[in-house]
Amino acid sequence: MSRQERLLWSMASIGLAVFLVIAVAKVSEIRLVSPIFLPPPQRIWAALVKGLTMGNFGAMFLATVRHMVVGLTLAACLGIGLGAMIGTSASARAYLMPTLEFLRPFPSSAIIPVTIAFFGLTETMMLAVIAFGSFWPILMATIHGFSTVEPRLEDVSRALGLSRQSAMMKIALPHAMPDILGGMRIGLTMALVLATVGEMLTGRNGLGQTILLAARSFRTADLYAGIILLGVIGFASMLIFDRVERRLLRWRS
Amino acid sequence: MPGQLRTHPWQPRPVAEARAAADPVIAASGVSLDLGGTAVLSDIDLAVARGEVVCIVGASGCGKTSLLRLLAGLLRPTAGEVSYQGNPVRRPRSDIAFVFQDYGKALLPWRNAAQNVSLALEAIGVPKPARAKRIEELLVKVGLAGHAAKLPRELSGGMQQRLQIARCLAQEPSVLLMDEPFGALDAMTRQALQDETLAIAAASHASIVFVTHDLDEAIYLGDRVLGLAGSPGRISETVPVHLPRPRDQLTTRENPEFVRLRRALHDFIGTVERDRRAQ
Amino acid sequence: MRGAPRLLPFDWRGLVLPVGFLLAIELIATMSTIERDAFAAPSAVLAAAARTLSSGVTLKAAGETVITAGAGLLLGLVIGLLVGIPLGLFRRADLLMMVPLESLRPVPPVALIPLSLLIFGFGYRMEIAVVAFAVVGPIFLFTRSAIRGIDPQLMEVSHALGLGFLAQVTKIVLPAILPRIFVAFRIALGIALVVAVTVEITANPLGLGYRMTIAQQSLQPDLMFALLLWIGLLGWSLNALLVRAEARLFGAAA
């Protein structure tokens, strides 16, 4: 398929999206589906604009982002740090990997009641949950990355007489970077999910709280607006992450 | 006695060997190696003089690479000792450089050519301001001037191997250990790199221990050719090479002495094969 | 196993940490007077786990979770296949649907919980809807890439045989992608369980997640941890079952 044809169909795709929005507006207008469940897009847009300009949507948006970023940063520091240490030590792996593999399939959201039991419905509890959920994939990916360094590069590192720290920073870390970034991508998704859930449960500031309250008081337009904003966070964070990943892994073909 | 250097009966004891025995740069004495329960090498005696090129040939799996890794300090012998300028080698040293056959895996793919060479300089502690100049000189020396900013995957096979050699030279080694470095390259690139290696060695007076399965290459490059054979591997043949230097791809290879040496080595390989099949 | 001294015929090093940890917790629990709201001795947890099993609570709650997760999984599987197969086969259709589908992708499934609650109220339907939404994305992506990965010669053969479209799909395409769909199914099952438990913890009063929340709120940490254990066991055993089935059905093809 030629480049022009590809472009044509992509344009058509935008057209399709517009058509669908208009269709939804129609469906809502003729009350095929109750506007309580599916408000007309104009009303959703109005709610979005109003919430951002006069309401607290902006603050809630930032609050969710902040929860994600703090939790993810914590998870990354711990995950990469521990992962590097465990990945480079065969004996550490022998002691720890069975336990880690056993804990891996546990759903991180199941840890929420436990965290509430320990920390109560607080900000700390939420950050602990986010960090825990994101930490796991980052840790496992980092361990994998550091434990599968090309053996020839290990030879080179020894032949050159690199110190253990030097070898880790100059050879193991760049080599493990693709794996680490893969784990961070999953961690990013988890951070958004757990931030939303945490806000819903604790009632603390954030879009999770916004949409739950909107649902409870049947303010459906606000609800959809909140969902859209969450989608925007998801979209933007992935975009930024892709950019960063591409830059860091420029050396790959 | 098994393992002793065996020379052709009508040759006088070669001068190079005498010199090496007297004041070797790097030497192995009575070295044996067991890996994973199997005896790989047995009773190896080897001495390399300053500026000497010693080539090691032998069938695959006879322990050539292991011997080289022993000399580099990447492996410890089960018996005997490897010594460098009289002192025992317990771990790799910066003045013994190793050139690996799989250059693709031995270079850092995320660093460009200049940065790859820089790795060696960083390892030996050259301060940052001094590095750029040395890197440039080394890249020129191996013929990679102008490719400094290229990543390894953007370089051809021959150029990658040159880059690895440049990195090794950055260590300013007195001994260059090369493990079938040109085996994965085409014939023309191989010949060019052979000559470049000889030129570099001559200029820096470094000693070279060169492992190859290509008999012609061994004779072309070497002052001596050692034949490794058997399982466990032993040095069962030593062939001194008295060909004039500098070597030339055309005239040296047509030299009747070259032809005679080639036949001698072929006979050696033939005997080894026969013995092996007989077992 | 070069490092460990040969005391036992298997690598015992992996057990040191968990066994040591559990023993330590047990000791602390029995000896100290730490707040018992959040803390439970492993022995108490095991006792609670046995109790829930014998009283039938485990089975009932696990059943609720599994049924909702399973129903949502199946729904998501069907939709994912129905969308993924045509879009995988026809590049043009894929490009056409790109903008609408990509707009849906970034929305985290948990964001749909309040919406689902609004539409369906508490109960099974609400949870099934959220699970289905969570699973559709991965299934669709897997299906599409599995289709793209079919050996083009296989498709040529089907053209040459003059098979109609439906016959092509059922006789050639589906069997070719079946192993990869099974892998996708296994992964989606994990997602389905996690999402189901999340919905139960957050909003919906049924299943193991809900029971865990109740246990936490009524300050019964031993019960809470016991339920956590059951959740983990459920996920692990279902995954193990599927891995076994995968190996049996597909062997080297998977």
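First chain written, first letter: the chains are A, B and C, and each begins at residue 1.
In this text, contacts are C-beta pairs under 8 Å (C-beta built on N, C-alpha and C of every residue); 3 or more make two chains touch, one makes a residue touch a chain.
Computed from a prediction, not measured in an experiment: that's the story for all the values here.
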item	value
Inter-chain pair with the most contacting C-beta pairs	A-C
Chain closest to the middle, measuring from C-alpha centroids that were averaged per chain	A
Mean-CA-position distance for chain B and chain A (Å)	52
Chain A and chain C, separation of their C-alpha mean positions in angstrom	18
Chain B and chain C, separation of their C-alpha mean positions in angstrom	56
Chain B residues touching chain A - in the complex, by the definition given at the top	72, 74, 91-94, 96-98, 100, 102, 105-106, 108-111, 119-120, 122-124, 151, 153, 171
Partner chain B, residues of chain A touching it in the complex	150, 152-153, 155-156, 158-162, 166, 170-171, 174-175, 177, 251-253
Footprint of chain A on chain C - complex, ascending	3-4, 11, 13-18, 37-38, 91-92, 95-100, 103-115, 117-119, 190, 193-194, 197-198, 201-203, 209, 212-213, 215-216, 219, 221, 224-225, 228, 231-232, 235-236, 239
Interface residues, chain A side, partner chain C - complex	1, 5-6, 9-10, 12-14, 16-17, 20, 36-37, 90-91, 94-99, 102, 105-114, 116-118, 189, 192-193, 196-197, 200-201, 207-208, 211-212, 214-216, 218, 220, 223-224, 226-227, 230-235, 238
